[in-house]
């Protein structure tokens, strides 16, 4: 075969994309270890050299310093910059800048090149075992390119933001080490040329999120959150693995390209492919926090805010969506599975939105909104609108990153204020302690509003376009598509799709409401910080605000990436469906396969749909604006406990508690009580093993008792034996 | 490299040398010990450990040549030696290796120096005897991996027993007497039944002269035993090996032995001795009795036991208060994976099983070494006694985290590669078992991360922990090779897989499976 | 004639056995043993009527041996008596278990 | 044909080694009685006895090396006999060597103790040689009477006397059964010549003959008593515990070996054809012996009693070889006897070293932490224990001994696989007490104020070192011993009619 058009371009350096962050990780990791490690005495047991050397530790993990999100840390530790701060500040974001630059270069190379099939860059043979030939190979195509751009781009911004946000943290190099490592794995995930390389990234990002959530690990809560995230993700990964097993068993390969070629061998809608897709989706549900595996994401807010922005909003959590898009060749021939994906997404969207309504911790609000928005994306990819899903993924990356970073600088400011006034009682993240921040940080306020309108789906902000496209797709698929013909849980596909559509709209309404609520409580109304702290409130430094501005622009203009035809017909503002064309070679076939005979929506219908969506968004904002009274809000400490449904929502429908009671506790109890104490110690060890030994010893005792020492006994036994022997012989005669 | 080694006739003498060196070392230590009568304790310790380390290092270095000198694709035994021992009884000193054996031998030779370093300061009583025992043990273990004569194999098999018994019983913890005897009796019960079986087949294949035959190859070729006999014989071998593996429900000696043994003992036990069991299956039980091994009843039983072991071991280790016990039960789980892979009889699963063998050796060995390090500082293995020590022992925390991740099987570490191959291979023949076993990825994360959190994370509550010192240079140094191994196998397992492919394929074929050549699936759009 | 004498010797032998089992005095027990030996002698003698001299020779041997045994046995019993001032086998049970 | 046993001269010639020993013993007996008792005197007698043994051994070896044969007759002239003789004589030598040093401590000043060992040895040689039930009876009694006395030789100790009494009474009792058995066999076959008995069973088809079978049964009972097989073993622990330590070793090793030598010869030469009758009883007795012996040994807290039960157990293992009833069985016996004798004497040498002077008790607790005070003593004892356990390398020849017995069992035409399984399973039980000793010596701390065991005296040390080294060497290179055992296994009269029906492996 002739060389691939990209083979001779800069694209052959694609492996530098992940390599750069990896280098960053190694450097920063080395620095943080070097600063922390003090060699122990030669003989650890010997009681020599009692010199205490703990004070010298630079990063001893999460104690002291300015762990903004870490509640109740001690503030008396002087805010001293890490001795390697300078190097880290250059290396950490630096590698991201380079990586982003390379990504752009490759992107333009691709724009130039005429490519029909993805460019595979095989690094080395990884796991050769018989017919299973796994290569460490990277796959460059439209989809992975888009993801790379988002990851490196947004990632770069967030790295820069972190320089300011984490500046005083004793774990500064460690933080950037983890962050770089995360980017490395994330790029591996999206660039992988087969499921296993993707899986490496998949688990790797999970690992990094574990490390970063538990970054201030001296807080049990943080460590718990990290562990929870990893374990819940592992439940998903179990599904992912099983899916891989099945694919290999039936296709004989795990390379995307090969699978795409051989996907025809599956019976469309057949049991096997459906099972594969459902198992895959289990993995996605874990990674992308969908019902039933979403519970880890809100807890994940225990990590530093930039982490929440990068990992738990912009990139990692969207991996599930990416995976479905990546596996479109399979999902598109498994309608039932696709419907399941979409329905789960819709339900998650509405469910998370309800919880978002009553959260007070600003980050928790955003967390649930993220869950909800991810649900939206799954609705998109579920109904086979892969472009729409990815589109929403991108816009969401912009505005949700913006929201998180914005909230981050708010928290930062709040915290700075509390820190200056030695106030440890109050929670720097609780909206009830904020209020009226717009007067102190107008830039942030503006940018946050942009993001809010975007997420609420108000034109012309980016979110509007992506969300609308998804809704339109759902609506259009409801007739004549294979999905409509399939049945899920006894319901005809079309019914399910309409249901999904309704749920999605409802979710949109709630989204508008809780986002407005957040803005009101945070930025509007009177300030509740307390008079002592007030003078210390001011805009965050530019190293933090700068990235916000960039993201603001993106959230505002992101929609131009994929303007729907109906809009461009009305007002020719830009190119039509750019993204759709871009992704066409990757997901085009699958999309049309799912769309099947579904009639394309008429312009009027579409305009109607758009109208509804916008109306709902506006309505939501209006409701919140009119019904909520920031002025009436009291500070957290003064707040009265909520009651009724509000209480239920504040406690997130008690899902965590339910899981704990139905899954965690039973398994633990059974393992301890039944398996260990019962089977292992009780039956096997005590009864069988030691029992046998005891029995032997008992018989020994009996035997030695027979040895009475009296000749009479001995003679008797002798004679009895003799009789027995003689009987045996007599028998023989 | 290969050429250079061949020019030295390396393959001719290496195996014998590997067996002899430790013996010489043991004798030297015995002499040292009895002559150094009056020297003060410290001097004794240092002299003993230096000698031991020297011998182990030499052993490790000379053994490395096997990596290149052996032709892994050949069906012949490599570096083979045959010397008559008791010809009248058909017993010969027959040794030789294949890819599987070489990897395990290298694992052994490379791990032993680390165990010496791991005991560097912790063994203060009777150091000479201790290290002599370690050396004897090494000969025994290497012998098992090399022997191609069933009697020789049995002798080496038992040879391991006494040193380990003494190591646990003399230098062990509080309940060492119970643990050591339990270990001994479990193993002996199995091995004596195996002895009967060995004799039986030896005489069954005896020639006209009535001299029994114990040559491995001959027995494998002429291995046609009447159905029931085959089942009984396999049963005898099975118990011997299942106890060593250990398979559920023959595992209960393991937690006790591990917990009571000194660090070096635990490391050797977990990293190498447990491999004896699986190796026994690969080398002897399966090829000798293919009929029995592939008998549906037998196969399903083993698979079920393996799966039970996997899940059960994970669940039970989750609730262990003692870190060493936790790791011990996790071994039950991991070795269950190996057994599953072996009895799935596919190229991937068998190669994966062999890899898990090695991985478990590295990861669990490292875990025990780390436990030994904090035990030396804190004199406790109770997880509850720790917490937040990442603050005072950052290096320790990093090492423990890496090792734990490899044991969990996070991609990029060795643990993933092995488990993945086993499971994906097993799924092809044993889908249900594979799916159930795949839950190990969840449970492993649960028990290890939870333990990790309670040890190195969480608040640094206890004052005695706040005074802990971080690892010293020796400890870091002895961990580094293991860490390297973890990532090397994680990122580039190809060399190992290439070395086991031929042997694994042979086994699969013997078990009536289809051989799979290393054939790449053509990937269109390939960039070069 | 042969059958009767064999039966008699069997009877005597049994009596000897029963004696050994029932009596408690070392001397008497030993005498019962002697009785058994002589019972056997009786069968030898009886049988030698059929097969010739061998049996009778055997009897001579047995008597000799029995005498030697008696000598040793009595000596042992005496040495026990020295220690315990009793030859009741019920009292002689220091060694047991 | 070197000896014509029908002529007195030929008979004498064939008995030269035995006669040498007996004459020497008689002379020494006079010499012993000639001087008043004293430590020095008993030592001199002891050395003299060693000399006599040396001479006898020389004679035996000379005969053996000549590969002499004889006509059919009352005694056998074959390798088996010579091989067995060597074992008896060496154990006798070891016993005397240990006795010379331990007797003074036990206040046994009579030189006759050594002489009696010689007489017993003579009896054993007769037993191994006899090919006529009459001679056999003589040999048994000659040995037994001497050993009765030896058991009670420590006149100062009531325990010694008690043990002797029990041994004597029950021994005489069992002699009754043995003798009655001989009588009935004589009655059934009309001969006391073992070979002829065998021939007549074959030619007159006596397989189902009640009198014969009852006779064989009684004979079996007599033999089972001598080898201390369950349930005829009850005397053994008491007698062993009561006797002076060297004598215990002698009883455990030589007496048992002699009994088995005779057992095998009679069984193979005379009763191979009626194995249908005796196989089941022997099987059961063997199984019972292995099980009961091992299990009861677990309960022992006294070293000598523990070793007594262990010797019972090994009798059980050897019964398996008897049950095999093949040349492999008898060669297995020879090999086993050597290994077992070495291990036993090694063990008892240590016991006599650790035993507190003048004290009778030998509690296992005395061995606590022996390793920390007397490392090499502990190591030696450990080797003996592992040898008795049948452990390879560390246990030396013990492993191959057991291995050889298993060989015999598995190749036997009578299908002894189940019995072999019983054997190995009970061996696992035996690990329970053998390893307990190892553990006591190596893993327990030496209790404070525990008396330092006396340093080994030269002869005892020689016995200990000798047997341990032999064990280990034979454990690494058993080939020679195995060859010796095989070549001397065949218990065949001259003009060989092969008594073993060659049966293909089942």
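Here the chain labels run A, B, C and D in written order, and each chain numbers its own residues starting at 1.
Just so it is clear, a contact is a pair of C-beta atoms (placed from the backbone, for glycine too) under 8 Å apart; a residue touches a chain by one contact, two chains touch by 3 or more.
Being a predicted model, the structure only gives us computed values, none of them experimental.
Where touching is counted per the definition, the chains common to chain B and chain C are A, D. Set side by side, the interfaces C-D and B-D show unequal numbers of C-beta pairs in contact, with more at C-D. Averaging C-alpha coordinates per chain places the centre of chain C 26 Å away from that of chain D. Rounded to a whole number, the gap between the C-alpha centres of chain B and chain D is 44 angstrom. Annotation: 37 Å between the Cα-based centres of chain A and chain B. Separating the CA-averaged centres of chain A and chain D is a span of 79 Å.
Of all residues in chain D, those that touch two or more other chains are 165-166, 169, 173, 237-238, 299-300, 432.
Among the residues of chain A, those in touch with two or more other chains are 693, 704, 707, 709, 711, 715.
Residue positions of chain C touching 2 or more other chains: 17, 20, 29, 89, 92, 94-97. All chain pairs that touch, listed by label, are A-B, A-C, A-D, B-D, C-D.
The part of chain B that touches chain A in the complex is made up of residues 121-122, 182, 185, 249, 252, 312, 315-316, 318-320, 346-348, 351-352, 373, 376-377, 388, 390-395, 397-398, 405, 410-412, 416-417, 420-421, 423-425, 427-428, 431, 434-435, 438-439, 441-442, 445-446, 449-450, 453, 456-460, 466-467, 469-476, 491-494, 497-498, 501, 505, 516-528. Those residues of chain C lying in contact with chain A across their complex are 17, 20-21, 24, 29, 89-90, 92-97.
Those residues of chain B whose C-beta lies close enough to touch chain D in the complex are 34, 85-89, 154-155, 158-159, 161-162, 165-166, 169-170, 176-177, 180-181, 184-185, 188-189, 192-193, 195-196, 199-200, 203-204, 206, 210, 212. Interface of chain D with chain B (complex): residues 375, 386, 391-394, 399, 403, 406-407, 410-411, 417, 420-421, 424-425, 427-428, 431-432, 435-436, 439, 442-443, 478-479, 482-483, 486, 505. Interface of chain C with chain D (complex): residues 6, 13, 16-17, 20, 26, 29-30, 33, 36-37, 39-40, 43-44, 47, 50-51, 54-55, 57-58, 61-62, 65, 68-69, 72-73, 75-77, 79-80, 82-84, 89, 92, 94-97.
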